[in-house]
Every structure is written in C-alpha cells, then in structure tokens.
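Both complexes below contain subunit A, partnered by subunit B and then by subunit C.
Let's look at the complex of A and B:
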C-alpha cells in the first residue's frame, strides 16, 4: 500500500464519525526507486490531506523533513516535489495493518494489499 | 468541390476500421475533445461510412488523435475529392499549389497507394488510376520501399458486398499523415504471458474504453471491480500515462468459476496479476494500489477524487443483503462470457444496485469533467434506451453496443460528471422509473440467462465470437 492511497482511505465501520486517517501499523515497509514525475506530484498535492500525509510518513519513519504545512509555490520547488514523490509513491507498506482511529478495528495489509472488507455485522 | 484553407486549418480524411462501428464516433470525439477540438465534419457525413472528413484541425491535432485511436486506421491531409474522376480532378486542380509544393519537391521521394473499400482491383487497374493522376505536379522520384511522402487514392464502393458498383460512390486523394494504433494492440495480445483466451478484440475494447474515458498522462484512474473484466483495462490506461488503482471484493476463486481454473494457473491475487501485467508492458511505475474491498461500501474519504473510473462490473448475482458473511456469493461469468454460464437459481438478484451504487460513487468521486466508462449487460429483446441508468450529476455521453448472442449484448456506457452532488441527489435514483426494468426479483435474470447451459471453459473458448 502506498501513501497516496492511504491518504484517500477512511474507516467505514458502522457508526464511526472520525475514521480518518487510518492509523498505519507496519511490520514490513519497502522503498522502491521510481522515475521522478513532478507533473503528477504537482497535480496530486492539492487533492491531498496534507496533515494526514505527514502523520503517515511519521508512522513509517519517513518524515524526511517534510514541512507540516504545505509551502506556497511548491510547483517550482523540485527538491520538495521529489520528497513528496518519494513519500507518495515510492514508500510501500508490505505487511501490517490499518487501524480505525475511533473503533480500533484493524484492516490487515498482506503482500502490499490492504483488505478493507467488513463482516456482516459491522 | 474546392478545398481552400489556411495553413492552420486543413481538411483531413479519417479512414476508419470496419469493426466496433458503434464505438467509433464516441472514440474520435473523445480524442478530439482531449485536444479541445469539436467534431467538425461535412454536411454529407455518414457515421456508417469508413471515410470521415474532419475540419478545423491542425496536423498536430491529427497526429495526436492517431497516436491514440484504435478505431481510426489511417489519416490523410485531404487534397481533393469527388463522386467521379472528373470531380476529383477539378477538386485537385483547385487545391492551392503552395500547399502541395512542399511535398512534391524534385529531390524528394514518394509513392502513391490505391485503396478501394468494398472492392478488389487488379494490379493493372490500380496502375491506371495512379497514372490518371499525372496532371498533378509530382517532381520527385518514386520509391516504393521507403518514400518520404506517401499519397493515397481512396475509393468508396459502398457498404454492400453483394452489390458492388462499377464506379465508386466517392473518391478521395490525400497525403498520408499517420496510422492508428490497431497494430499496437495486436502486439499487446501476443505478448501476454497469461493467455486466458482473450482475443485481440478484447484488448482493442480496453483501449477504446480508455479513450472513451479521455484518460491522459498523469491522471489517476480507478477500477472498482478490477478482478472482473479485462486484465488489460488498467494496462491500457497506464499505456496512455495514467496512474492506476483498483479494488475488488474477492480474489479467491469463486465457486469454481475463477481465474485460476480458467488459466490453469495458480491464482496469485489481483495485485500480483495487475502489477505483473503493468510490469510486462513497462508501466509498473504507474501502478498505485489494488485493495480488497466491497464496492458497495466505499472506503474513500469525502473529497478523494479520480480523473476517470473505468470498469466492467460483475453481471451476476448478489445476496439482497449486501453485508453477506461470505462475499463469495458474487458471481461473474468468465471474462470470455459469450452468453453461456450456469447460475444457481437460489440467488437473489439486484443488478440495479450495482449500477445505482456505481453512478452515485462516480458522482462523488470523479473530478468535475471526469468520466465514468462501464459495461452494462443487456437482454436485447427488451432493451430500450430508458433502461440506461442516469444520475443528476452525470451526463450521458455515449452508449455503444457489443452483441454477445442473439438475445444478450453489453453496452459501453460513457458518462461525464457535470455537477457536484448535493444531499438531495443521493436518493434521487430511488424515485427514478428508469430502474424498474432492472428490478423485480428474478425476472430480468431469468430472461438474461434463459436457455443457457453449463459448458466447460474449453467449449466457451471455442464458441464463435464477434469477428475481429
């Protein structure tokens, strides 16, 4: 699971109001090297919940001096974009789980794939 | 008929492939729209014709369209046309000489092709027709192997193979610009390691879907039923530079009709297959994620938005309570579904729920202007346009039929988000009479699957399908 996806996921457990962001508990994390694409990162940044991204990076020990609030004029800051590219796309949780911050319900991540299925009564 | 335009705006002739006829116009319109150009054609335009005039375009526009189109075979800068050889000649003589000159230089090489639609010409007649063009100021040398410029004389002998006229209905002459991507698709099908009986036509339709959805580089594309449908769908989107993600409710084999049994391979899960597919085609860097998730219970936060949603929902049967303990109850006929499959009678049927949920999801999670493209299964004897699901936030763009059997087909529906949803929109579809044909316990399903018998996978593969 990449942090781009995590940034868009929320807990859908019945009755939960504050299900975002899901807490990441990772037991295996991988960092891949991908070709930098500044265009894509620039497009995605306005769609992100920035504080949730910083929080997630922190949980994975990948904070890398990313600022806690978005800097203005980020489109032209290549060094910044590269850092964001890395945290959005190159860092992957292979094993672990996502935890609903309100209900505590855990969704397992196995072989990089989160399983978000709920049981009938949830 | 005279053709005189300025440099910026020439007339072009698009020669279209003669299959997936319904899908052609929406594809070309979508690709022109990506270039922010309208579909501007002549008064005599006929959608069924294999030759389309396009006005108001630059050569760059044409090349970009051809770099994406599956339905378009080739494109030409149109120099002249007419319903008789004399008309063609008059038309060519009226075409500005300064527009022709750059391509007829004496130190250049060229060749002239003759293409006849719905007729075969013997070699000597082709040569005659080429010779009849010698009034044009060709100054260069003919080079049949590797010419700098290719010109084409195209003749349209109508669409009835049983009534081929002596003379063509229409003749065109132009300079070849570029070919479409049909050959590329052929190579995609051949490359596939995991050959599961897909024909190259299925690969073609996946690329056409990506075009209908106006997928472009740096888009984020989502498939909520990634385990069903063509494996190549997200590959096609990534081929055009989009980042892709998908979810599916179940990646285990389902009641024996699963990917493992079809492929005779170990089913490794959708992530491994989708990622492996992207890797095989060199687009692994565009893989975002695949998750196990129930599409009826979306896991996305409120403002999570995708540029496009492309999908092939399961045609099958679900329990009426979606919160079923065993999600294995979702059944889809195999990907090479040609109308034959066995479905247990005990299952309740709520196909309408899938589409209502899908449209509602798209209304909330598409960017404004983003597109939803999906397949809708149809029982042909009862089909009417009103059966296509609608949503107040989505505008219906196109509806293209692919016939599967005498009584079944599937329609590729393209919708564009034109309005942000308000709370009142959420429940609007429940009052919508459009959904009544799909509701009603069992009746639609029985009709759809009636007369079908259980066949094993081998037979299903051998069943004749639509011509390629």
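Let's look at the complex of A and C:
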C-alpha cells in the first residue's frame, strides 16, 4: 500500500463520522524505486490531504524534513518534488494494519494490500 | 485449456482498448488511474506498462490479490497498487480523485443484476476526466440513457467482437 493510496482511504464503519485518516501500524515496510516524474507529482499534490500525508509519513518513520504545510511554488522545486515522489509512491506498507481513528476497528494489510471489507453487522 | 485461450483472446482485446485510450485520448501515461473489479488484472498491468503515474486496483476477491502480487513480481511493475473492497459500497469516497477509470465490470447474473451499472456509476463519480468500460452491446441504449441522467458529458462507444 503506497501513501498516495492511503491518502484516499477512509473507514466506513457504521456510525463513524470521521474515519480519516486511518492510522498506519506497519510491521513491514519496503522502499521500491519508481521512475520520478515531476509533472505527475506536481499534479497530485493539490489532490492530497497534505496533513494526512505528513502524519502517515511520521507513522512510518519517513518524515524526511517534509514541511507540515505546503510550500508555495512547489511546482518548480525539484528537490521537494523528489521527496514527495518518494513518500507518495516508493514507500510501501507490506504488512500491518490501518486503524479507524474513531471506532478503533483495524483493517489488515497483507502482502501490500489493505482489506477494507466490513462485516455485515458493521 | 479453453480458459487459457479465452484469457489470451481477452488480453488482445483489452490491449487494443488500452492502446486506443493511450494513443487517441492520452488518458493513461502519467495519469492516476483506477481499475475497478480488476480480477486478473490485465487492464492495470497494461496501464502500468503504458506508464500510468499510478494504477490503483479495486477488487473484493481474494484470488485477485494473489494475482496482484504475482504481477508486481513477474513484470517488475512498481506503479500499481491495490485495495481490497466492495466497489458497490464505495459510494463517493473517492470522488474525482482519479484522472481515469478503466474497467471490465462483472456483467451481472441472476443474483446481482445491474451490478455493471453500479460499477459504472461509481466509476463516473471517481474519475475527473474519463471512464473506459466494457459492456455488453445489448446494454448500449440503456447506458446512454443512464449517462444522460448522470449528466455525463460525452459517451463514445466502440465495438469489440468475439468470434467463436
């Protein structure tokens, strides 16, 4: 599970009002190289919940001086874009779980795939 | 053996579809792509090979997960990700988050009729630019009508023929 994907995931447990962001508890994390494309990263940034990304990076011990708020004119800052590229696309959670911040319900991550399926009563 | 052959034929068809999406509409390279009901993952492997920025697969099925891991290893593709979930329950969680949605939705059986339309509706909510989806020819008018109801700007239909 990459952090670009994690940034979009919410908990839909019944009755939960704000199941976001899902807390990451990782037991295995890998970093896989992926070709850098500044344009793609630049376009993804406005779609992100930036604070959730920073929190996620923190949970994985990958904060790497990413700023807590977006810098202006980031589109032209290649060093910044490369850092964002790494955290969004190269760092992957292979095993662990995602925890709903409100209900505490845990969604397992296995072989890199989070299982967001709910039981019938949830 | 027959299953293998059908898969191969299907791959050629899907390959043509993806190639058209890429060359004619430029909706794959460097785009954030979603593959709904990815099943064996042919579509997302294709999208990854065509340099999607990232292709995220969504499927409910356990088998699809194993295939995902296999694809990543065998093809050494790192621009694919996957989420196990029920596409019919997604609602508007991913509203406009993706540039493009590609899919070969389940066509529906006696027990889950209309599932292809549910998938289509979800796909349209997720995509900011375009949805590419395979449907039975017999549903063409129905889809056009629904697309109008959902205020979809443009529906372009192509035909793919299977010769038996």
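Assume the second predicted complex is superposed on the first by the 122 of 122 C-alpha atoms of A that agree within 3 Å, B and C clash if a C-alpha of one lies under 4 Å from a C-alpha of the other, contacts with A are read in each partner's own complex, and residues count from 1 in each chain.
Going forward, a residue touches a chain if its C-beta (ideal position, glycine included) is under 8 Å from a C-beta of that chain, and two chains touch if they have at least 3 such contacts.
All values derive from a computational prediction rather than experimental measurement.
Undergrad: Could you tell me if A:49 is touching subunit B, subunit C, both of them or neither one (first, second, both, neither)?
TA: Touch status of A:49: first partner only.
Undergrad: Contact-wise, after the overlay, does A:68 reach subunit B, subunit C, both or neither (first, second, both, neither)?
TA: Neither subunit B nor subunit C is touched by A:68.
Undergrad: Please work out whether A:4 is in contact with subunit B alone, subunit C alone, both, or neither, and reply first, second, both or neither.
TA: Both subunit B and subunit C are touched by A:4.
Undergrad: In the overlay, answer first, second, both or neither for which of subunit B and subunit C A:117 touches.
TA: In the superposition, A:117 touches subunit B and subunit C alike.
Undergrad: Just checking: does A:27 make contact with subunit B only, subunit C only, both, or neither of them? Give me first, second, both or neither.
TA: Once the two structures are laid over each other on A, A:27 reaches no partner at all.
Undergrad: Could you tell me which stretches of subunit A are touched by subunit B in one complex and by subunit C in the other?
TA: In subunit A, positions 1-2, 4-5, 8-10, 12, 34, 37, 39-40, 44, 47, 89, 111-118 sit in both the subunit B and subunit C interfaces.
Undergrad: Which subunit C residues qualify as touching subunit A in the complex?
TA: Per the stated touch rule, the residues are 30-32, 53-54, 56, 60, 65, 68-69, 72, 78-79, 81-86, 89, 91, 93-94, 97.
Undergrad: Mind pulling up the subunit B residues that touch subunit A in the complex?
TA: Going by the criterion above, the answer is residues 217-218, 220, 243, 245, 247, 249, 269-272, 285, 288-294, 297-305, 321, 323-325, 327.
Undergrad: Under the stated contact criterion, what part of subunit A meets subunit C in this complex?
TA: 1-2, 4-5, 8-10, 12, 32-34, 37, 39-40, 44, 47, 89-90, 110-118
Undergrad: Show me the residue ranges of subunit A that touch subunit B in the complex, using the header's touch definition.
TA: It comes out as residues 1-2, 4-5, 8-10, 12, 20, 34-35, 37, 39-40, 43-44, 47, 49, 89, 111-122.
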